[in-house]
Every structure is written in structure tokens, then in C-alpha cells.
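The structures come next, written out as C-alpha cells.
The same chain A turns up in both complexes below, where it pairs with chain B and then with chain C.
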Partner chain A sequence: MELDIFLQQLLNGLTIGVGYALVAGGLAAIFGIMRIVNFAHGEFFMIGGYALYYAMAVLGLPYFAAGPLAVLAVVAVGYLVQRLTIEPLMEADPLNTLLVTFALSLFIFHSVVVVAGSSGRNIDTPFEDVITLGNVILTEQKLFVMLGGLLILGALAVFLAYTPIGKQMRATAENRYAATILGIDVRRVDRFTFGLGIGLAAVAGVLIAPITPLVPAVGASYTLKAFAVIVLGGMGSIPGAIIAGTGLGLVEALTAGYLSSAWKDGVAFVVLITVLLTRPTGLLGKGGAH
Partner chain B sequence: MLRISLALAALLVIAVAPFVVTDPYFQQVMVIFGIYAIFAVALDILFGFLGVHSFGHAAFFGGGAYVCGILMETYGVSFGLALVAATLFSAVLGFLIAIPALRMRGIYFAITTLFCAEVVRLVVTNVPDVTRGVMGLTTPMPSFPGVPYGYETAVFYYITFAILVLACLLLERFRVSPLGRSFIAIRENEQLAASVGVPVFRIKFYAFGVSGGLAGLAGAIYAPFIGIISPDLLSPTYSAMGMLMVVVGGFGTIYGAIFGAFMFSVVTEFFRAAAELRMIIFSGILIVAIIFMPRGVLTPLVEYLRRPSGKDKAGLVTRDEAA
Partner chain C sequence: MLEIDELAINYDQVEAVRKVSIAVGAGEMVALIGANGAGKTTVLHSVMGLLKPKAGTIRLKGENIVGAPSKRILDLGVALVPEGRQLFGHLSVLENLEVGYARKFGIRFDRAGFEGRVAKIDAYFPRIRERLKQTSGTLSGGEQQMVAIARALMSDPDILLLDEPSLGLSPIMMDTVLDLLVQLHGEGMAILLVEQNARAALRISERAYVLDSGVTTLNGRARALLRDPRVQQAYLGL
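Coming up: the complex of A and B.
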């Protein structure tokens, strides 16, 4: 019985952890390559969920058509945001991009509140059935989140390792100036990176929205979690973000299961501040963070 | 002369405003403007004077509001005493947050302050026995002896603006004092400042306490004036609100922060018909301002007024004069 509860929490944690890994992986890519801190990152997760809801409820599309459409729509918004607000500030004081993304997060949040209201939305997917393994319960959607998330993270790893644009991204992350000298169009890399990062957040939104109460405030919560994750994994390290994201999901689920669900959000904050004070380069970081 | 007459004109406007604007709703808007202005000025001490970018100032504003609210509602403490207690509490909270945060730089500092504020919000949300949690805490209207019923808003107005004017006067003196100069030195080049003997950490530490205390005082006036407070007061939205006011108005100018608060509270009242649109409009303005006027709307004017003149040696000594 004890073991069943433990396994149940482990599965719940793994599901949410995959979501954190996707969101934080995108945030880490944006920070590692563009050197900007995107305070609006979680909002793209949130509008991914809402885009899915509207595509299904208003356009009447099935989940498998609405999902990719929602991701595309969010990436298009992200591209516009990057071109209009972030690109003009790339050469300016880093504080300006920090402030602009902070303002963007408010802009997106309050826009969604006005358009959709602050009450929750439910999304029905084709995966409504429940799988029972002994006493452990797993919904099909959770299984789909885990498998889909792992597939996308795997694809991301292959993409970064083998494609030309993936190699250019890694080169830019390594040394922006040297990358420019080698003829890499870093502005193009930036645009692509931002789109990719936002896309990962939107994918997470499309996967997670059906199993979580979808409210506008979920965006800010995911932004904060993603920050904890990328600090933990070493700023800008995508593998670090994925490992730390999954880990945070597990620890939160175990805290909720064994201690108190009201305080589970505090886990991320306490872990973050402790890591920053004791090991500021993150668990997998290379150093030079300060 | 221009500066003195402007200051006198401003004082006169502040003194007579409640007699000219008699509509109760707009009187309330003016008090809110004053409270936000104190909050923005508190943030400007860190942002503008010291170049320390706190992303978690809602912790002090909301913390002050909760301390004042709990003392007045649960323990029946008088308003005046509750104000002092809330200010002290927020100052101490400032010191506590400064200890981990000041060991970080740049974005790490921003993230740490943001998270510290989230921890405070989480605590306030999760101890409903003391704070009523997400239900929100009602705070009683303080009784002002000798003030007839219906004139409480005016009292709040004068308290708020007296604090604001005092803060401006002190900061205006402080700016040209040796300690104020060392603040600017830290903002401009921290290493260089340290190398000429400016105690960087200690100054930042105390500044955090002062800024936190002042923000807490603003929150402490806010709580009984509004009558109900919720943990939302500690959310990043309020930290952002303070930053928006400082950034739109202009860093390190004091008056820029007040102008930002004016924009936020009074100008957006014109969009009252669309109250939900207020934050959208304001965050939109902020985005545009950062891209096109990153130094703030009011900065050129304040710099013009503060230019060193022949008679006034309080201004910075220019290189030509020094030679």
C-alpha cells in the first residue's frame, strides 16, 4: 500500500516534471544563446493552453489538429514579440530586456484575463480513459504527456546535435562574437532560438493544459518554476534544465503527497535560493555564473 | 529661483487640491496616487540611486499592508502605532532579503528578489489563522480624533502627501550629501567605488532596509484606506507596478517616480470605463517607453532643472570648474 502511494506520486511528479522540462528547456535555450532573461516565458505556456482551448471549443477541431495549430499560433506571436520588442534591445543594457519581458508577461496575462476571464477552462482530449496498474492509477493523458514530452525532448537533442541551424545555435551560445566572425548570422539564430524556446513552452501548454486547471495565473507560476529549474540546472544548459525540471516535478509531487500540498510551491523557491547561495553555477553548470 | 518657485507651486497645489477636487471618488484616486508615489520613490532609492534592481518590492509593500492590517484588526492597535510597526517590519524584511540577494549580481539578483517575494506571498497565503489567506483581510477605518465623519479621505490625503513631501525633501538633500554621492558612485561603477573606499555592501544593505521600510509605510497606509487586502498585494504584479512607475517616469530622479505613479493612478483613470484594460494599457506604455525612451519621460526635464548653475555649488562640479 505504501509503495503504491509512492509510485502514484512518482508518476504524477514525472508528468508535471516533463512539462517543467519542456518549459525550462526553452527558457534555457533563450538564455544560453541570446543571453536574455525571458520573464514572459510561462505566459507562452499559458496562451498555448488557451489557443488549444479555443481551437477545440470554437473552431471545433479535434485535439490532434488543434494542438499543432495552437503551437504554431503561439510561435507566430512569439516571433512578432521578438522582432518588435526584443530585437531592438539586444545591444542595449540587459536590464532593458529584463524589464521589457516583465512588462510583456503582464501584457499577455491581463490580455488573456480580459479575453477569456479568470475562471478555469476544461479541455477534453481523446485520452480520457484511466489505466490501472494494480492500485496505481494513470490517466491516458498523463501517459501521452510523458511519451510526447520525451519524444520532443529527444527530437530537440538530435536537432541541436546534427542540423546546421542547431550547430549554429550551439556555436552562438559558446561565443557570440566568434560565431559572428565565422559568418553565422546571429540575428537569424536569435529569431530562430526565440521561436524554438516559445514553441517548447507552447508544446508543454498543449500537453499539460488538459490535466491542470487552466487559468491565466498558471503562466506566472510556470515562469517562476522554470527559473528555479534553469538556475538549478545551470543557466543556459538545456540538458541541465531537462534533468532539473523532471527532478523538480518529482520533488513537488512527493512534497504534496507526504507533507502538504499547500506548501509544495515553496519547494522550488527554497531549492532555488539554497542553490544560488551554495552552488551558484547550478548542479550541472560550468562556472562563471556570477 | 525657478526650482524654488516650482517647489512652492507644487506644495500649494498639494495643499489646496482636496478643496478643489471635492468629488469623493477623485479624492480617493489622489490618495492612491500619493501611496503609489511613496512606493515608487522607495523603489527609486534602489533602482535609480544605487542601480540595484529589486524585482520583489511587493514583499515590502504587501508586508507593510499585512502588518498594519493584522495589528489594527486583530489586536486593535492604533493606526499611528501600526504605521510605525509596519515600517519597522518591512525594514527588517528588507535586511533579511538583502542578505542572500546582495551576494548575487545582475539577473541572479533579480531572480532572487522575485523569489523572496514569492516566499513571503506563500507564507501569507498559507497561514490563514493569522492572515485569513486567500479570503483576504478586512481592515478597519482608523478613527481620527476631531475629524467629522466623511472627512477621513482628506486626513489620509494629508498624511500621505506629508510623508511624500518629507521623503522628497530628505532625498533631495541626500542626493548631494557625501553618502548620496557614494550611492551614485556605486551605481556608475561598483568596483571603482569600492577601490576608493566606499563600503559597497554596507551601503546597499542599509539602502535595502530604508527602501523596504518606506515601501512598507506606503503599504501600511494602503491597507486601512482600501479596507481589504489579499495575498495578491504580494504578487509580482505589484512589484512590476512599482518598476513600471519608476522606469516610465525616469530612474534616479525622484520626480520621475512620482510622475510614473501619477500616470499609473490618475491618467489611467480616464480609461475607467475599461478598468480591466488598465494594466494592458500601462504595460503597453511601458514596453514602448523602454524601447524608445529608456531613460524615462521626465528625465530630461529633471536634469535641466538640476543643471549646476553659477550660484548653486550643490550641483556636481564639472571638469572645467575643477580645473
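Coming up: the complex of A and C.
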């Protein structure tokens, strides 16, 4: 019985943790490569969920067609946002882009409230069935989130490690000046990075929206969590964000299971503070494990 | 090959470079010496397209490159080995070279072309051949300098700009790096060498320029400058 509860919480934690890892991985890429603090990051998670909802409810598309379409739509919005509001300010004081992304988060949030209202939406997916393994219960959608999310994170790791663009991204993250004098088009690297980061948040939105009440405020809560995760993982470290995101999901779920769900955010931040007291640069931050 | 004429560059309101004229012929090795803050790095950065001059021209193989993006300048055959080496320390030596080779933004990598290029420069760098898989940040200073030069050579330049390549190296390692420059020059590479070690730079160069407070004040045969009392007093400590 004890083991069942533990396994149940482990699976719950892994599901939510994969979502955090996707959102925070994108935030870490944008911060690590562009040095942009994207306060609007969680909003792209949120509009990913809403884009999915409208593609299914209004266009009548099935989940598997609506999901990719929603991600593409959000990436297109992200690309325009980057070109119009962030790229012109890349050389300016970083405070400018900080204010821009903060304004964007408010703009996106209130736009969604105006269009969709602030009440919750439910999304029905083809994965409504429940899988039971002894006393452990798992919905098919949660399994899909876990497997789909892990697959995408794995693909991201392979992409960064082995493709020329991935290597250019890592090189630019580490030394933008050296990348520039070697003839790397860092502006294109930036555009790609922003699109990729936003895309990861939107993928998380499409995966998670069916298992969580979809409300406009969910964006801000994911922004906050993602920032905690990238601080925990080491600022700008994508592997760090993936490990820390998954870990945060597990800590939250185990806290909710063994203590109370009221405690889960509190315990999560206690873990964050403890890690920072012992490793001020985060789990995989510069000056740490590298 | 490279002609810099009456170059002036400001950082905000500060005049970093006031009047610099330098020419490097094809296959020529030229030194640029001067005190800290004289504007040497600023000159190199303007050639690479990182800084917009206030006045003057920079011509490369006859083409005015003022305002051209860095990528275009590399395509025209210029490469810079920056001060402090500036390797991607978390990337392996091999990845550093790959990033130096594949400047195009894309998914495809010309592996055969890359390996051909590595094979061409391989003989210059016996010490890094066995260290290709090693994380470049873990190499010694001298090895890192070698990787920085190898990385710059990946773009197959006709002229190599070097910013203080001997800085922070042991005397033996410094000689190894300078020997490598002599060897590259011997095989037809044009070199513009910025060095704080004026004596070493003047010994291996054909011609040299002295940069003082943003102005090229002296120039001539490197051997003649070595004997010039003004140079001896200001830069050679004699």
C-alpha cells in the first residue's frame, strides 16, 4: 500500500515535471543564448493550451491535428514578437527587453481574458481511458504527456549535441563575441532560439492543457515555476533546467501526496533555497559541474 | 591585400583611434605594436566589422569593407585570433573547429569538406591532434592558443589577424606559437600581428607599425624599427 502511494505520486510528479522541464528548457535556452529574461514565457505555454482548445472546439480538428497546429501558431506569434519587439533592442540596455517581455506577459494575459474569458476550459482528448497497475492509477493522457515530453526532451538533447545549429547555439551561449568573429550569424541564432524556446513552452501547453484546468492565469504560474527551475538548474543551462524541472515536479507531487497539496509550493521553494545555499550557481551552473 | 587608410573610431565620445593607416601585402607579415590602450584591438575589431569607423576606409582585396557584416569579411578571407583565445570552453576541441568551419546557419554539415580542411592544417598542430575529443577549457594555455589559431584557420583565410597571441604563455610556449606564425607566413599566409611583446613581434615580422594614442606614428622595416632609438626607449625597455 505504501509503495502504491509512492509510485502514484512518482508518476504524477513525473508528468508535471516533464511539463516544467519543457517550459523551463525553453526559458533557459532564451536566457543562455540571448541573455533575455523572458517574463512572458509562461504566457506562451498558456496560449498553446488555448490555441489547442480553439483548434479543437472551433475548427473541429482532432487532438493530433490540433496539437501541432497550435504549436506552429504560437511559434509564429513568438517569431513576430521577437522580430518586432526584442531584436531591435538586443544591443540596448538589458532593462529594455526586461520591460518589453513584462509588458508582453500583461498584453497576452489580458488579450486572452478579453477573447476567452477567465473561466476554465476543458479539453477532451482521445486519451480518456484510465490505466490501472495494481492500485496505481494513470490516465492515458498523463502517460502521453510523460512519453511525448520525454521524447521531445531527448530530441532536443540530440539536436543541441550533434547538429551544426545546435553547436552554433551552444557556442553563442558561451561566447557571443567569439561566435561573431567566426562569422556565425548570431541574429539568426537568436531568432531560431526564441522560436525554439517558445515552441517548447507551446508543446508543454498542448500536452498539459487537457489534464489541468485551463485558465489565463496558468501562464503566470508557469513563468514563476520556470524561473525557479532555471535558477535551480543553473542559469542558462538547458540540461540543468530539464533535471531541475523534472525534480521540481517530483518534489511537488510527493509533498502533495505525503503532506498536503497546500504545502507543495512551499516545499518546492525550500528545496530551491537549500540548493542555492549549498550550490549558489545551481545544479549545472557555470563554475559548478562544468 | 589589406589597406587601412586614415581610420578614426569613437567609443561614444572617446576617440579610441584617431588616424591609423596600415597596409599588409599578400603573404606579408606585419607587426602592430603599441602600449596598452593605444587602440590596437580597436583596429582589429573594425577590420572584422565589429565596430563602425567614424572616418577612413578599410579595403580588402580592393573592396571597401566598412559596414560589411563579419560573415562577409570572413568570406573575403580574413580571420581573427582574438585576445585571450576566447575558445568555447565547454565544447570539445573538435566542436570548436567545427563551429569555425561551418559558418552557414543550417542543419547540414559538410563532413568531407571539414575533414579535408582539418587534414590540411593538421601538420601545424601536432599537440592538439590527440586532444580533439577533450573539452577545450581543460587544455593548457598554450594548447588553447593553438586551438584558437587552428579554429581561425578553419575558414581558410588569406590573412590572419592575431591579437596578443603570446599573452599569458610561458616563454617556451610563446616560442612555439611564434614559430607557428613564421611557418604559416612561410607558406604564403599574410599576417597582421598585434603584440605587447614588441621585440618578439619585430624579430619575426617584415614590416611594422607603431601605434601611439590612436595614431600610427612610425612605420618601416621591422629590423630598422628594432634599432630605432624611439622604439627602443618606448617599447623595448632599452
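Following the convention adopted for this analysis, the second predicted complex is superposed on the first by the 275 of 290 C-alpha atoms of A that agree within 3 Å, B and C clash if a C-alpha of one lies under 4 Å from a C-alpha of the other, contacts with A are read in each partner's own complex, and residues count from 1 in each chain.
Here is the rule we go by: a residue touches a chain if its C-beta (ideal position, glycine included) is under 8 Å from a C-beta of that chain, and two chains touch if they have at least 3 such contacts.
All of these numbers come straight from a predicted model, not from anything done at the bench.
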Joint occupancy of chain A by chain B and chain C, clash or fit: fit
Partner chain in contact with A:65 - chain B first, chain C second, else both or neither: neither
Touched chain A residues, chain B compared with chain C: B
Touched partner set for A:163, first chain B, second chain C, both or neither: second
Contacts of A:231 with chain B and chain C, given as first, second, both or neither: first
Vertex chain A; arms to chain B and chain C (CA centroids, nearest 10 degrees): 90
Which superposed partner A:37 touches (first chain B, second chain C, both, neither): first
Which of chain B and chain C A:174 touches, first, second, both or neither: second
Partner chain in contact with A:189 - chain B first, chain C second, else both or neither: second
First (chain B), second (chain C), both or neither touched by A:85: first
Least Cα gap, in Å, left between chain B and chain C after the two complexes are fitted on chain A: 16
Common ground on chain A, meaning residues reached by chain C in one complex and by chain B in the other: 290
Of all residues in chain B, those that touch chain A in their complex: 53, 55, 100, 103-108, 110-112, 114-116, 118-119, 122, 125-126, 235-237, 240, 243-244, 247, 276-277, 279-280, 283-284, 286-287, 290-291, 294
Residues of chain C defined as touching chain A within the complex: 48, 50, 69-71, 73-75, 80, 82, 86-91, 95-96, 98-100, 102-109, 137, 151-152, 155
Complex interface listing, chain A residues touching chain C: 163-165, 167-168, 170-171, 174-175, 177-185, 188-189, 192, 290
List of chain A residues in touch with chain B within their complex: 37, 85, 88-89, 92-96, 98-100, 102-107, 110-111, 113-114, 220, 224, 227-228, 231, 262-263, 265-266, 269-270, 272-273, 276-277, 280, 289-290
